Amino acid sequence: MINVGVIGYGYWGPNLVRNFAETDGTRLAAVCDARAERLALVEKRYPGTKTFRSWQEMVQDPSIDLVAVSTPVSTHFDMGMAALRAGKHLLVEKPMAMNVDQCARMVDEAARRNRVLMVDHTFVYTPAVRKMHELVSDGSLGDIYYYDSVRINLGLFQHDVNVIWDLAVHDLAIMDFVMPERPVAVSATGISHVPGGNENIGYLTMFFNSKMIAHVHVNWLAPVKVRSTLLGGSRKMVVYDDLEPSEKIKIYDRGITVNPDTSADKVYKLMVGYRSGDMWAPRLDTAEALGVEIRHLVDCIEHGTRPITGGEAGMEVVRILENGTRSMKEQGQPIELAAAGKVTA
Amino acid sequence: MINVGVIGYGYWGPNLVRNFAETDGTRLAAVCDARAERLALVEKRYPGTKTFRSWQEMVQDPSIDLVAVSTPVSTHFDMGMAALRAGKHLLVEKPMAMNVDQCARMVDEAARRNRVLMVDHTFVYTPAVRKMHELVSDGSLGDIYYYDSVRINLGLFQHDVNVIWDLAVHDLAIMDFVMPERPVAVSATGISHVPGGNENIGYLTMFFNSKMIAHVHVNWLAPVKVRSTLLGGSRKMVVYDDLEPSEKIKIYDRGITVNPDTSADKVYKLMVGYRSGDMWAPRLDTAEALGVEIRHLVDCIEHGTRPITGGEAGMEVVRILENGTRSMKEQGQPIELAAAGKVTA
Amino acid sequence: MINVGVIGYGYWGPNLVRNFAETDGTRLAAVCDARAERLALVEKRYPGTKTFRSWQEMVQDPSIDLVAVSTPVSTHFDMGMAALRAGKHLLVEKPMAMNVDQCARMVDEAARRNRVLMVDHTFVYTPAVRKMHELVSDGSLGDIYYYDSVRINLGLFQHDVNVIWDLAVHDLAIMDFVMPERPVAVSATGISHVPGGNENIGYLTMFFNSKMIAHVHVNWLAPVKVRSTLLGGSRKMVVYDDLEPSEKIKIYDRGITVNPDTSADKVYKLMVGYRSGDMWAPRLDTAEALGVEIRHLVDCIEHGTRPITGGEAGMEVVRILENGTRSMKEQGQPIELAAAGKVTA
Amino acid sequence: MINVGVIGYGYWGPNLVRNFAETDGTRLAAVCDARAERLALVEKRYPGTKTFRSWQEMVQDPSIDLVAVSTPVSTHFDMGMAALRAGKHLLVEKPMAMNVDQCARMVDEAARRNRVLMVDHTFVYTPAVRKMHELVSDGSLGDIYYYDSVRINLGLFQHDVNVIWDLAVHDLAIMDFVMPERPVAVSATGISHVPGGNENIGYLTMFFNSKMIAHVHVNWLAPVKVRSTLLGGSRKMVVYDDLEPSEKIKIYDRGITVNPDTSADKVYKLMVGYRSGDMWAPRLDTAEALGVEIRHLVDCIEHGTRPITGGEAGMEVVRILENGTRSMKEQGQPIELAAAGKVTA
């Protein structure tokens, strides 16, 4: 049984707390929040759970095996490092930290102390994203051509990070899991409509060594909510609409056939053939992603294995966010990513 | 009565021909196409219309007052200049020509000879786009924050131009009419999936002197057709979906209120207020855009006035396409547009 | 403070229990369920709440002021009557009881003992239905022409009632609140696809003294979920789609104008004019319906007033269900309803 | 080559005329319309075509082989009989005639004279309906459980027939082709909102000897346009949305499994199992239905075979319309259809 202490009982924290309380293999041992009224809620709903106002105290509690950090991103590094140094396993909200350097130090610390470090890239554990991973991995889609995502709504303007850290992070986490390669360069554009504020609209293009491209459009100031992703391949193409109650994943047998063996005198037009076939929406599991994720975390701790969304994945996501933000300040100036090369499980 | 000769009876030409034949004030005098079987069709449907295999001959026909050019973009300059030099008025398909220099020479020629030069930016004459123009002009939307458009489908791969010349041109024409300013810089990214082919996916960001941004996403290799535009303002926001049979324009009373007078000790979060009100879909006219456009063209010729979509508008659109394509070759490198400054009617 | 005892902790009971626990003015005093494992859940989530295996015992508990019955419809009469006879106020799930006679006896019992009797017609307390009520009441829609509803999905086949008792009951409750009159006759058709089972598809037409019609289509065996209602009026028409996350209510300025003063020689066609104007989606509250309902219940108990969804409304709904089921057995044979005449608040 | 004369150049006539002019095997010989301005249009678009003001004259023209009648339903019988008596083949708009008696006499006349009589049930020749027919015929759907259709919009109020003759006729024609049996009884309800007018809202339930049901909802006074059909089977279920630009047909692997061998002590609930699997949208042809239909007509005339939508199909559709209208006057009173028994090709 893994005893868990959760730091942060704000927007997402209650979901972590509920899942740790209900999942076999974990026990909700403690919750920490600086705000007394939040702890009062915890005490009402989870009598018998220890509560802390100070995270520094909680991470020293010897009865705790795993610390889960669900606080603003600017606090992740300090809290996460303290937990690791205290010998705890660590689950940290995404984005993992404020920059690649912080991430690298957390990865090192976990490795040195032989602790499991997982980043809460929740979408990776949804049935829809797992299905996309499967379709890429088993070759159903053929060569991957592009990933294109729109993630917009009238959203809460964050004050410590811009919109790509808040919303594009989901797509970067999904891409890290689904795409066959990691990007090697990024070009981003964006704008802030609040004086002195962070960018509230962002467009992020990623380049790869192969003939792929990825693009993410995020916006806190849109009149409608959209969560829509296209994943184009040479054999099939996927539309993933996360707002659909069922049929989140639709697979289209559509595309082009390029004739590679064309003699010089044939005109270009003849080289491309068009294919428009059936569409298919596979039935998806209905398991809650966070429950799947926590069972995977338990498994990693028990067997000493590396999580799908470990510290390295978290670091690669932050690498794109960090460089994307730099590119954004320079109106799309492309920036090379010191690519780490994808480590396939 | 204006006698019209149309060059090109391919995909779009038949629409021009039909509208010139039916609109009061114009008479379909001649059609030119290099392909005999296309001319045979014309003769069957429009008996009594002259037909030409050679456009050089047709533009010299003294009975013709106006030449309409509906051929691949690489031919627009030669045909258009010949028509103007022969003293004809000119309607030319979009994009106007292959580069800004060609456009400028066509504009000069028309001015010198006192002929009307119109570019067929058809969308500008649709009820939906005219409504957006009205909402911007009368202040209903407040300050404009952004224009964002997605225009994708499984489309015919063009062989003389890339996807932004084929699809983004529609948005640039709409923006030239609707937006209160013209862009001053562009950053574009894209990719070709056909060896030796033009880019079939493109992302185009445009920057302005004011706090606005514009983005257009075009794709010939998408599994689904999307024609969706967001126009965000400080007072209201518009969703324009051209595939909706009715309710193409939806106006949302949603947005943020930024408190400009904030004392230093208030936290940033408090500066932004959120507003989520009604949605409203105004009834739109059902007039065919091309008919409206041709009546406007007749009016310009009769009164010697400048068309809404004249040579200058066509040139500004080509300026963005030309520089966007350059930026695309350099992975998003931003390029300044030698901005011409918007001439308001 | 009203002390509440809830009978039945199955599908809907937990929502009642949570709302009684959280609403000001009520206190969750006791929960009853025949199944030990359900009571164990209650004890874990609501420590300090009394639990009962026997409802007969619970309704005799002197500390309880209000009994809420959330069990299969065939048990409502016995439990409800026992609670009223024990001097409790009563909230009973819909449909209120198995037939009009049972309903009438419950209404009488409550009146004699001066207790509040409310039927849990939850939809009546949703922001969308309240908006429809407002639009009818204030004349925005003009004369009401029709109510048409589709409520289908792949649903659990109930074993004590047919599909109209399970699904059409929602529409009958909404109509009782929204429509300006009560129906005077019913014709229903339906079918069972399970040997010996109740009808799993049903179509219910209701007739009125005025020129109105209402129709409800319900189905437990549909491949997709639909919750869509049309409310047509002479001035405006409403589309209510309960599955829309926002914009549940859309108001269309569409319809016909009938020219009443037509001389004999005018052809019929000229009598009807068509109107196609704007659409408008008003912003709706986001309050949870059950919370609104329970605050209304508290108010009725405290002030001795009659609930919007009192015993009489519940009885009229059951009258239609009972006679509709009879008509269904006779392939649509119309049946007059001994109409009670609408009592307007 | 079959020489065709078309009576009626109103709303639908131009589609017939264009298709007869373009289809191999037919030649547009003549068009008849009482209105001179309509004939002027024909002469402009189809020079060389004979025109008639009098249909009586046209049906006597010896150069004509086939007469197509596209006029109000009340005229079909007189025109159709005259054409048959003059020895012509006949294509008649739907509904075939005003009552079953007229239909029967037309069928007899065609049989006696050995002429082909086809009713223009256009939907039967669409790719979507042909796919549904295929799915029923090859057993993909299993036993058919129900057909349910909604066909509503703000439509032109007809003056000689009510809304079921105008709109439900499409569904009855589709059902006659797709369903494995013909209905044996009908119950219909409806209302007119125009003084002295025909019913503008109609609900039609049809009963079968097997455990099937069919229902059609039609409305001329709806704020939105809907064309949506459900076809439920024991193995699969279809949603057919005719307004979808692509994916008109979606096939759901959803339903129930009824356990037939249940011992007496098992509760009813256990007898029903639920199945929720994949959805699949097959690619459909894009051929124009009317072209397919006319090629079929040519084939029937050339080979002396019976059309899929012959006079008998037309008569069975009218039988339901005629009895449905009677039922409607009696608030849903069920009426038995003197069922003709389906003749399978």
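Labels for the chains are A, B, C and D, by order of writing; each one numbers its residues from 1.
The rule is short, and it goes like this: a contact is a pair of C-beta atoms (placed from the backbone, for glycine too) under 8 Å apart; a residue touches a chain by one contact, two chains touch by 3 or more.
Please read these numbers as outputs of a predicted model, since none were measured by experiment.
Note: the chain lying farthest from chain D is A, by mean C-alpha position. In this structure, the chain pairs A-D and B-D differ in their number of contacting C-beta pairs, and the larger number is found at A-D. Distance from the chain B centre to the chain D centre is 43 Å, each centre being the mean of its Cα atoms.
Centre-to-centre, using mean CA coordinates, chain A is 53 Å away from chain D. Residue positions 276 of chain B are each in touch with at least two other chains. Residue ranges on chain B touching chain C, taken from their complex, read 247, 253, 276-283. For chain A in complex with chain C, the touching residues are 47, 225, 243, 245. Remark: chain D residues 145-146, 148, 150, 152, 154, 156-157, 159, 185, 187, 189-197, 201, 203, 205, 207, 211-213, 215, 217, 219, 221-224, 230, 232, 237-239, 252, 254-256, 258, 260, 267-269, 271-272, 274, 276, 327, 330-334 touch chain C in the complex.
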